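Each of the next two complexes has chain A plus one more chain, namely chain B in the first and chain C in the second.
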Partner chain A sequence: MAASDRIVRWRYRLVPDHLLGEILTKRWVDNTIPVLILIAVAATFGWLISDFFSMSSVSSLMRQWGEFTLIALALMIVMVAGGIDLSVGSTFALGNIVALTLITVAGWSVPAVIAATLACGAFVGLVNGVLVGYLRLRAFLTTLVTLIIVRAIVDMLLLKYSVAIAAGFVDSDLWYYFGEGDVLGVPFSVATALVLALVAHLALSRSRVGWHVLAVGGSRRSAHNVGIPVRRIICMTYVVSGTLAALSGVLFASRLGGAGADTGVGLEIAALTAAVLGGNSLGGGRGSAAKAIIGAIIVMIMVNGLVRIGVTRGGSSLLLGMVLLAAVAIDVRWLKNRHKFLSKVYVSPTYSELPEAPATSGSSPYALNDRLRPVEAIGLDQIDGPEDVILDEDDNIYVGNRTGDIVRFFAPDYTRQEVFVHCGGRPLGMAFARDGSLICCIGGMGLYRITQDRRIERLTDETSRSWFSIIDDSRLRLADDLDIAPDGRIFFSEATIRYEMHEWPVDCLESRGNGRIICFDPRTGTTHTLLKNLVFPNGICMTHDGQSFLFAETWACRVSRYWFEGPKKGTVEVVIADLPGYPDNINRASDGTYWLALVGIRTPSLDLALKMPGFRKRMARRIAPDEWMYPNINTGCIVRFDETGRIIETLWDFGGENHPMITSMREHKGHLYIGGILNNRVGRLKLDGVDPGWTGWKSYWGQS
Partner chain B sequence: MIRALGRAFDNLLGRGDAAVTVPPLDGALRPNRLLDETGSRVPLAEVDCLAVHGADLVASAGDSVFAQGAGGEWICRRSYGSAVVGLATIEPDGLAVALDGGDVVVEGGRYDGRRYRADASVTCITAMVVSGSELFLACGSEAHPVAEWQRDLLEGNASGSVWRIDLESGAGARVAGGLAWPAGLAVDRAGLVVSEAWRHQLVRIGLAGGDRRQVLHADLPGYPGRISPASDGHWLAIFAPRSQLVEFVLREPAYRRRMMAEVPKPFWVVPKLRAGRSYYEPLQGGGVKHLGLLKPWAPTMSAGLCVKLDPAFQPRSSLQSRADGHTHGVTSVAEHRGQLVVAARGDGVLVSVPLAGIGRGGRA
Partner chain C sequence: MPGMGRLSQEQIVFVLAVGLCAVFAVALPGFLTTNNVLNLVRSVSILGILGVAMGLVVIGRGIDLSLVALMAISVAWTLSLIAGGMPLPQAIAIGLAFSLFIGAVNGWFVAYVEIPAIFATLAMGTLVYGFGRYFLFDLDVVYMPPAGEPLLWIGQGTLMGVPVPIYLFAGVCLAGYLFLRYAKAGRYLRAVGDNMLAARITGVPTRPTIVLQYVLSSLIGYLAGIITAASVASMNTRVAISTYVYDVILVVVLGGIGLSGGKGGIRNVIVGTLLIGVLLNGMTIMDIQYTVQNVIKGAILLTAIVIDTILNPRDEQTAQQGDI
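Moving on to the complex of A and B:
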């Protein structure tokens, strides 16, 4: 290996490029930019103002923050449903004056005051909600108008009661507790905000109503089409928003006990900045309580920091406005470009050097021939993509197809067919269990059992989640092929955890060990991952000793053997290290050897590209997927080998005209049945000099 | 410095020169299957260039020149010992035959039997055209012979030139240099038109002295080759299509270098006259067969394309063979006795299409 190749190999072994794409598929990645801004803001002000994060400074900031966060939460809930509520500032002021008036002038009891104030806020929200939700007025204009109206009401109340409020005195510890008390050492307002944020988070992420809110914000029309009461949901968000704003007003009233003309002025802009800066999308559908909290912290730090370094009120508003503008711009660009960026960086190739490919001419055991010329076509143009083929003891053929059926062709002439079951997904590898039920790997679904009376049972669709995997690898994405041990355990391969069924050749561009082999134990019903980081593990076949199985790694062009019992338990040994093509399914042959399907032949240009991951990465970014260099899966062949890895014979279709694309083959009573994942037929080839009575089921279960 | 930075930035983001764009087949080049579906087909292995000699249509293939017999079959007229790389008609009854290595031999007419050579450095003749007593010839590259055209493309060479030979005196002179594989020539009243394959364009070169060049048609979706006269305008043979993958590989110097060194030539990622014959050739995503079928729109390294140009050298219509077709690698086109004869070297076949049936907009 050249030195440059070695450097490239280590570079790709040490830097996990694929994680970037995986992180970007996560929803929480939306929080990245807000968190970075938060760190930057905190660092800046902490550096500018020496005692900014001192105990006393923080605790006075905390109470304000609690009240402010409630407003930000209120706005977040409305925004997530696709609306906007500008009246939160006025409602906050209204809550303040109403609470003060009721407690000092009217002399109500504290619980009654709180209930009445919240009802007041809810009423303002209801007015907004009815206008915006039911009468379908524009949210922006409507809440702008309620902002002015409520502000006018507040001014009228102020005129009438401000003197009385200033003169009054409240004799209630409970009342002051709201503004000055602590809960477990945390200021009451902060505790309230955190509890409500938790409630909002759980509601949005875990409850039906929260999902409805998100759905309405994501796409109003789709939400309507699926039967969500869009108008009621929207109305409700405004009611919640008004209530939260009023609650914030109560806390403010309790803390300061005074009402002024400037209470809550400009609060809506600060709250809007907080909500948007936190990453809640203005377009709706994307937002969370955590984002509102992050945004509120940023704005709080900024506003107070600016005041403390002596920026005048006008200057600080100006800065806040600029930040809001920037946040909106980032929001729009991020939303627009995230998917574009993701689609560019998700494919992340790594270094892969394959051993030199053996020749397919001359005296090579892989030499080209036309042994597959006499293949007869079964179900030509009647079957779409039979990846695997299997026959029962009555000689009927079972194949999966692209539309999620398992189709049965009836013996003896296979001209009649029926849909055996419709299981959905993409049926791939199949095997018959001892009791005659069909065990099937279904791409996109998992491992399933189909009993003889056509009942479909799920065996497993998840395995243990890896600790350090970013994408959730517990769910089975692409269960590929399986085989059953004598004790009933089912070993199956999952080809890749990074790609869905229809993108399987793209995994070759990566050539990373994205696949695994999993064991399902029907006795305990448990599933666990046996081998990880395999390069597209595909075919699996029990050896005759009952202690190990052979498995093929497609993009690594090798066949290995794994012992699950016996003295060599847990070890992997390579059986064939250098195949000239990409191995797919492996199955038993009647004489104790094994059939192996090569789905494609290695091309020198791709072999070279596999050693140049940067080239493949740029290719994936620059050119359309249809133009990508692919493994050549148009031509394949069938190989027979024994347990030592010796190649006994190769069956080719010279020219590829008669039977293009081979992914599996199954020997049955002197014939070989051939399947192909993108083919439109099942092939059938008469074999000479083999046991004409041999069947797979007998080989597995016949002796016992 | 700023340009270098700009280039590095472009390379990172795939912009500017690093952007891989291939013009779509549209307008006069809308895809069709006329080459596969119309006309009669006669096989002739390695057929390359066509010319009209007197009353006959002649074709070069391998190291011989063939003429069409009465029954339409092709009969070897003469072998030259080295590959014939171009033919040109000398009015009224002569034929210039260019040989691999740089010699030009004349058959028949006033200059019968004479042998010319433009210059010792001219070893890679790709096309010829005769105007009066002057023979113009295009030399594809200084670095490689004709058969190595793919290597010349991959190396990004632009060492081609156009030469003039006075048939009377035999004197050769260079008309233009620095061309990226000039592969076709045509003469009209305003001068000489050259198809510059690696730059996908048709260029007019002034003959009046000075090296004035004017691009007549740029950004063709394939590599333009020989140009031949038509009753109203010209025919252009496009010998291979451009593809995004090849364009991308051309922007990847490290991969190109290693590919040329480590991968056998037939299996390179490079335009071809005929692709898809071997399973060792590169396959692209869209080229995967589904249900036993190769899609006609599949990305391909070879195709059949000949284009009708109007007198201003703008495409008017085209005859094509798509990815799943069997008339790939069109190297020469000729009009003869009311027929359009197309030489598809990739598939070793000559296709004759009645001229009367070829309409506008690529429809027959």
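Moving on to the complex of A and C:
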């Protein structure tokens, strides 16, 4: 191996490129940018102001933060549903003045004051909600106008009552508790904000109403079409928002006990900055309480930090404006380009060097011939994509169909067919269990059993999650082929955990070990992952000794053997290391050897490309998927080999005229039945000199 | 609107304005004197000029909430430069260049970064005000220095007995009308406002057109700012964070320029200005408290938006998700 190859190989072995794409598929990645900003802001101000994070400084900041977070939450709830509420600042001021007036001038009791103030806020919200939700006004302008009107009302109240408020005195410990008390050592306003944030989080992520809110924000038209009461939901979010803003005003009133003309002025800009900075999308559909909290912390630190440094009001509004612009810009661009970016970086090829391909001419065991020329077609044009073929003891043929059916052709002439079961998914590998039930790997679904009376039972659709994988690999994406051990355990392959079933050729571009072999134990009903990091594991076949199985790794062009019992238990041994093509299913032959389908033959260009990951990465990023270089999966052959890896014979369709596309084959009573995932038929070939009574079921279960 | 015959919003507003005029003329002594009428038109001419600026943006399906803040800060900067000893033309050039630059940045954010116009300009307004207060001047009010007195004529002078701002208002209206009617860019602007995707497909340079509308609004806004500064010999920068910009929107929406873009013209701005002018003038004569005036204006604006929504319902097919 050349030194440059070695460097490339180590580079791709050490740097896990694929993790970037996997991280980007995660929803929580949206939170990373806000958290990074938070860390940067906290670090900056902690460095600029020496005692910024001291106890006394933090505790005074905390109470303000609690009130501010309520406003941010209010805005978040409205934004998630696709609206916006600019009147929160005025509503906050209204809550403040109403609470103060009622408690000092009118002398109401504390619970009555709180109830009345919240009702005030809810009423403002209701006005907004009716206008925006039911009359479908533009949220931005409408709430802007209510901002002005409510502010004017606050000013009028101020003129009338501010002197009385300043002179009044409240004789209630409960009232002061809201502003100055602690709950378990946490300021009351912070405790309130955290509890309400938790409620909001649970409501948005777990409750029906919350899902409706998210759905309306995600797509108003679709939400309407599925029957969600869009107008009512929108109206409700404004009512909640107004109530929360008023509650924040009550806390503020209790803490400071005074009302000024500038209470809550510009608060909506700060809250909007907080909400957007936290990652809540303008226009809805994306948002959470956690995002609002993160945003509120950032804005709180920035505004207070600037005050502490001695920057005037102008400076902080300059900064808020810039931060808001930058946050919205990032939000808009990120939402727009995330998918594009993800599809560009998700495919991450790695270095893969295949052994020299053996010749397919001359005296090579793989030499071309036309022994598949006499293959007859069964069910021509009646089926679509029989990946695997299997026959029962009554000689009926079962094949999977692309439409999610398992189709049965009746012996002896196979002209009649029926849908054996409709199971959905994409039926792939099949095997008969001892009791005659059909076990089937269904791509996109998992491992299923179909009993003789056509009952479909799910055996398993998940396995244990890997500790350190980023994408959730517990769910089975592409269960491919299976075989059953004498003790009933089912071993099956999952070809790739990174791609959905229809994208399986893309996995070849990566040629990373994305696949695994999984064991399902019917006695305990448990599933566990046996072998990991296999390069597209495909066919699986029990050896005749019942202690091990053979498995094919398609993009690695090799066949290996794994011992699950006996003295070599737990070891893997390569049986054939250098196939000329891409191996698919393996099945037993009547004379103790094995049949192997090669779905396609390697090409020198792709072999070379596999050694050049950078080339394949550029290809995946720059040109359309239709133009990518894919493995040849159109022309293949059938190979027979023994346990030592010796190739005994090869069956070709020279020129690809009769039956070139092969993914599986099954020997049954002197005939070979051939399936192909892109075929419209099942092939049948008469074999010479083989045991005419041999069947697969007898070979597995007949002796015992 | 079967109950209202075939009247357009513009005509309704015009009738309302005339009716209000009649009521005031009867009820308020001194309303219908030449002096008061001239005063009325003069006092709303700045609002009207700003209305033309906002109208152009709204016709292009945008909105410019930074209009007043930008006007206040750029003109205040000009004044403080003059006070610092800079020659008048140079100071005006710098103020204008600043104004146009911010307008272009607004347009860039809206057209190229695709931030909703309402947000980009709201944040820009806050930013510009903060920039001015932090870097440029310390006091709220910047006074016209003696060196800037030639400017005073623009705001306080008269020509043939009619105050100059009225001529300027008329001039801006005429220019705006000609631009929308005859200039290629003006027609592009209306096409973009009517249906941006269709305009893009037909080959209209939509993004440059959007940038242009914000640059135009900042240009007209600067002119309005100079007139403001000239008529009161100072510029109060607190107007940037007041609700003045909503008065401007009120003029535009009330006049009948739909916020969904593509509809209306300069005539609508004039009608809207007339009604607001009469209203404000009447309320001032009646000595209604400032906060109550705000409530009344807010209520009228709200009504105007409701009517606008009913007359020009949002097209669910072309309305984009997140179009708030």
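Definition applied: the second predicted complex is superposed on the first by the 704 of 704 C-alpha atoms of A that agree within 3 Å, B and C clash if a C-alpha of one lies under 4 Å from a C-alpha of the other, contacts with A are read in each partner's own complex, and residues count from 1 in each chain.
Rule of thumb we're sticking to: a contact is a pair of C-beta atoms (placed from the backbone, for glycine too) under 8 Å apart; a residue touches a chain by one contact, two chains touch by 3 or more.
Keep in mind it's a predicted model, so treat the numbers as computed, not measured.
Engineer: So if we stack both complexes on chain A, do chain B and chain C clash, or do they fit?
Structural biologist: fit
Engineer: Looking only at contacts as defined up top, I'd like to know whether chain B or chain C touches more of chain A.
Structural biologist: Of chain B and chain C, the partner in contact with more residues of chain A is C.
Engineer: What angle, in steps of 10 degrees, lies at chain A between chain B and chain C when each chain is taken as its C-alpha centre?
Structural biologist: Computed from the C-alpha centres, it is 80 degrees.
Engineer: Using the superposition on chain A described above, determine whether A:329 touches chain B (first), chain C (second), both, or neither.
Structural biologist: Once the two structures are laid over each other on A, A:329 reaches chain C alone.
Engineer: State whether A:369 touches chain B only (first), chain C only (second), both chains, or neither.
Structural biologist: Neither chain B nor chain C is touched by A:369.
Engineer: Report for A:343: first if it touches chain B alone, second if chain C alone, otherwise both or neither.
Structural biologist: It touches nothing on chain B or chain C.
Engineer: By the touch definition at the top of the document, which applies to A:615: first (chain B), second (chain C), both, or neither?
Structural biologist: First partner only.
Engineer: Could you say whether A:474 touches chain B, chain C, both of them, or neither, answering first, second, both or neither?
Structural biologist: neither
Engineer: In the superposition on the shared chain, how near does any CA atom of chain B get to one of chain C? Answer in angstrom.
Structural biologist: 19
Engineer: With touch defined as at the start, can you tell me which chain B residues reach chain A in the complex?
Structural biologist: Going through chain B, the ones touching chain A are 14, 18-20, 243-245, 248, 252, 254-255, 258-259, 262-264, 267-269, 279-292, 294, 298-299.
Engineer: Would you pull the chain C residues touching chain A in the complex into a rising list?
Structural biologist: Against chain A, the touching part of chain C is residues 109, 113-116, 118-120, 122-134, 241, 243, 246, 249, 259, 289, 291-292, 294-295, 297-299, 301-302, 305-306, 309, 313-314, 316, 321-324.
Engineer: Under the touch definition given earlier, write down the residues of chain A that touch chain B in their complex.
Structural biologist: Per the touch definition, chain A meets chain B at residues 381, 384-385, 505, 600-601, 603-606, 608-609, 612, 615, 618-619, 621-635, 656, 660-661, 678-681.
Engineer: Sort out for me which residues of chain A touch chain C in the complex.
Structural biologist: Per the touch definition, chain A meets chain C at residues 82-84, 131, 135-142, 144-146, 148-149, 151-153, 155-156, 159, 219-221, 265-266, 269, 281-285, 311-322, 324-325, 328-329, 332-333, 336.
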